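Encoded as structure tokens, here's the structure I'll be asking about.
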């Protein structure tokens, strides 16, 4: 079928490529006309503006937006202006599902359908396909099935879940209509919330392995840290690159994120050059807020988010407050920078609280 | 080569079967002689006692113990009594790595080698192979390589990590000599700690999905819970069985634990009949304690452990203390069981703290 | 000065009493006219409607609302209708500070001032005074100072902070103009977020004390729980009622919440009759959401909130998912209710993961 | 009565002073003879060695050790050598309660009593008195009551808990016999675990207040951080020094730790010069380990401990692992130091996961 793509960054461009490989007809637009030209060279139809794009599409038109979340609202409005009742706007970006709920309601009167598609797969998606979480009206989603099926990974080599038989369901092919507008990005949001938790579990565990030799380095931080009590049990020099590779085979925690970790450590076993300031996009935050709203306990997901905040130094004032309290215990009225250690030491000597 | 197996539960028996399939010679013992007989019928050599087992082995003997952690210490002693210098005892169970450190030291004088093997794979290990994390002296571990290679999954269909080439390393075949005695169980311990974290991330995320319809059930718990503020954003009836199946294809969180979750939800979408009292073996606890000892922050791993404790009601007294404090705010001196709700309501009305 | 009070629940009525004791003139209204009559008997001027209330006030009128947060928006609108430019509406309830920001902006055109007052103190406020966190325009807050000073505790017997001297600042008298509209409830919100964290710290610690005798009760939960490893270190039968009383004197954690805990345990040492289902009002949730919005790590505050959710069973589906995964490891396809224990046992025997 | 003090650091010396003020007779020893001389000048009897100390004491001798936990074991042995059956050794330092259990058992045969005293109060103890948590045999503890009563704060100005009447119990006087040997330090350990949690709750909350102006500083960290979604709600410039002072009066979270925080912020409102690397002594760690051993969920106490670890950079490798995974998503094979930001930016642009 025919699909228009607005936004030809890596994700948008690769989806277009995947569609064209499977025989779909793509009309493409980007403010960067070089990106348009590149895909035209690969067989796409180029557009010079959103209006031009609309003119080149058969009805009902289907326009997929693959643009940064901050711009999506504006572009949805621009596209809606040149569309007609029965046409479909698809937001395949990383929007907050709340924006979908609002946009779909706003578009309702115009008769234009709004479909939100949470898309997972990263740079591997061109080859592996993208996992698609879809929200919107039944009719609009049904119309899009041919392209969703192509963009998705398909059943692939994934072992079939015991008990499932017969024709593959859509979820077994890698796409799922999750519910009304917003449901797609809601499910994607939670997916990313889980992703943060899994990443944190792996990272924390590897940090424990990385410190399994603490008994060999005693006394290095003596003033700040309570001394290691049983150094004889922490004498292991574990090779985390080899261990993560090992765990990929037959272990309970084998996973794609472990594959990536093993690859990263294989290339750079000490992770030299990485500052460890960990970004977060919006989904992890939205997941925690949705959990708080609905009264669902998510200590692990929240902790994984807060670790990222702290990795960027956002815990600094809190830590200063803690140090300030401890200095009050110790009776020190003021303390120049650099003397914290010494103060810790004095406190350790006087042995209190 | 020849290997003795002591302990013929599912794990021990399946390892023996996997070894025999690959042409190894197994001598087996269990206090349950029916278990011995079953494997003898499949080609193993049976033993009627540990002494008998030792007598049937060529030197250097290799005796693999696959028994509950609580019994391992005793059986190690029993086996050590009938072995000779140069023989090897392998503990393939779920021992605390600290026991390995102690046992290896204790056996040192006798000249008997002690090798600890953390083994992951569950009931799928017979077919998939077991992921093996090994600790012990180089010489002893080297002697065991033929059986380790058979028990492990081998390279299998796992895609090779980019950058790795040439002969497969042992970790790519699913077994790894991680370090001296205890290192195998240390790595296995951390593996399980990570496992708890990943499981919790998935479970919490699915709980958020399961409550995405909170806006449709407002007011049901009005006295205890703050009212949902924006019910219009929680109107989704998500099918978690289909979503977990979906995520198996192309998503960032695809993993074996997700496969299991999808299978469980496919069989029982509402999880009816599960009490949700989640056990923990020792490894999750030991991981947190090792992290505390060495000063490594593991908020996610710890939170996943504490969730399990709480699932079994171990948070009850703490929660009673919280309720008691809240009643003090409210000025109530005593409260009969069942009136908590009403008290909450009264408090909500007076609107304080 | 003169102040009108709308809402004569315990908090509203006690504030009126505290004001009248100090010579202020109070005009009072409540939909419950019995509540009005009771305060009229103590010296207040009663009103039969909001319009009547407005008529009985000198300009600029000051109308304090002390009503459930869910009703505040409506009543603000009703009161605004009968007020005039220069008059002041005070919301002393538990509103979300975001509502203040919106309401103040909405009232701006009308020339009516809006002041938000976060109020802490509970049932002890009548005698101790209420801690007042105030947001709003300088002019309006300045006009209210006489009543704020009376409602607040004053310097009292609290030891003066070292370094402070001269006249008492307003914060030393128990009220503070924290910033523009919303700032009062923002500070109150964080206060309650901290309160949850402190309560949880106390409750968790007491739970540890309460289980200090675990070594005397071994084996009671054998199938579900890993056995206690060193029972000789958990032989203490700690009297938590006496310990909390003790900590009130000279310890670092002495606090009003500890006082309340000691009182609760003194009255009911075993906390019998408390179900331990812990409510939460909105502030703890809003604090976590504000922290997530602004990228501030709050693992402790969030954990204390999630513990409350879990105490009400909101972790149930997550725990079922965990049990379901564990059963998949164990190869069980289905499990009737009540068999979880046995399944745990089987797993323990086979000793895996 | 007569008491010997070994270890004349601030704590030991101040306890001696407090005892002498109340008419007790003190014999003192320290390896630093200047410290001995100083107290002799104030009325104490000096000793030149532990043997000399023993010789100067009446039977049954009572020798209080106030020395760093790392040295206590050795000194207990030295003191035990010069004592006789019926004499008492008191460890008032910060020992792990497990050491008490072991030491008491070891001394049992000799007939020497061992009493452990957890002591809280910091530098304020000389004037306020010290909160004393005591473990040991009934007889030995009873013998020490006169000195315990003096060292403790006494009922003081603390308001009596409702319902308590008649003679003050020992806990109301600030000392409590908590149970057999180890019980005192066990209770002290949990006290400090709670202390960490309360400190963290305050610090996190103040950090939220400190970022209440985030809406005024948008875009400053644009590449690393998701943009603030509703900046209009984060426009407050909160004065944390004034707020903490305010909360000391009438609020639910009034506490000694809040008093200290208010004092610290009053002296140094921005906390300039504090590095925010927060030490931990042993008790917070032991509390978490005891909770893990006994299956008690302590998410708040653990989180507060892990925040301290992270404040010292112990999360670094974990954060590097997270960054490394994220770079794998983005397809980058290597990344020189300093380019993390840019990589985050690229990822943000391509908008994935």
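By written order: A, B, C and D. Residues from 1 in each chain.
The working rule: a residue touches a chain if its C-beta (ideal position, glycine included) is under 8 Å from a C-beta of that chain, and two chains touch if they have at least 3 such contacts.
Chain labels with UniProt names: A, B, C, D = Decarboxylating 6-phosphogluconate dehydrogenase.
What you see is a predicted model; the values in this text were computed from it and never measured.
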Quiz item: So which chain is farthest from subunit D, going by the mean of the CA atoms in each chain?
Solution: A
Quiz item: Whole-Å distance, subunit A centre to subunit D centre, using C-alpha means?
Solution: 40
Quiz item: How big is the gap, in whole Å, between where the Cα atoms of subunit A centre and where those of subunit B centre?
Solution: 27
Exercise. Could you put a whole-Å number on the gap between the CA centroids of subunit B and subunit D?
Key: 35
Practice problem: Scan subunit A for residues touching two or more other chains and write them down. | Solution: 120-122, 192, 195, 200, 202, 204, 206-207, 211, 225-226, 229, 252, 257, 263, 267, 285, 293, 295-299, 303, 306-307, 310, 312, 314-315, 318, 329, 353
Quiz item: What pattern do the touching chains form: line, ring, star, complete or other?
Solution: complete
Quiz item: Given the complex with subunit C, which residues does subunit B contribute to the contact?
Solution: 9-11, 66-70, 93-94, 96, 119-123, 192, 195, 199-200, 202-204, 206-207, 210-211, 221, 223-227, 229, 257, 260-261, 263-265, 267-268, 271-282, 285, 299, 303, 307-308, 310-312, 314-331, 333-338, 340-341, 344, 347-353
Quiz prompt | Of all residues in subunit D, those that touch subunit B in their complex | solution = 252, 285, 288-289, 292-293, 295-299, 302-303, 305-307, 309-310, 312, 314-315, 318, 329, 353
Practice problem: Using the touch rule from the top, collect the residues of subunit A that touch subunit B in their complex. | Solution: 97-98, 101, 120-122, 125, 128-131, 133, 152-159, 161-164, 169, 171-176, 178-180, 182-183, 186-187, 190-198, 200-202, 204-209, 211-212, 214, 225-226, 228-230, 232-239, 242-243, 245-259, 262-263, 266-267, 287, 290-291, 293-301, 303-304, 306-307
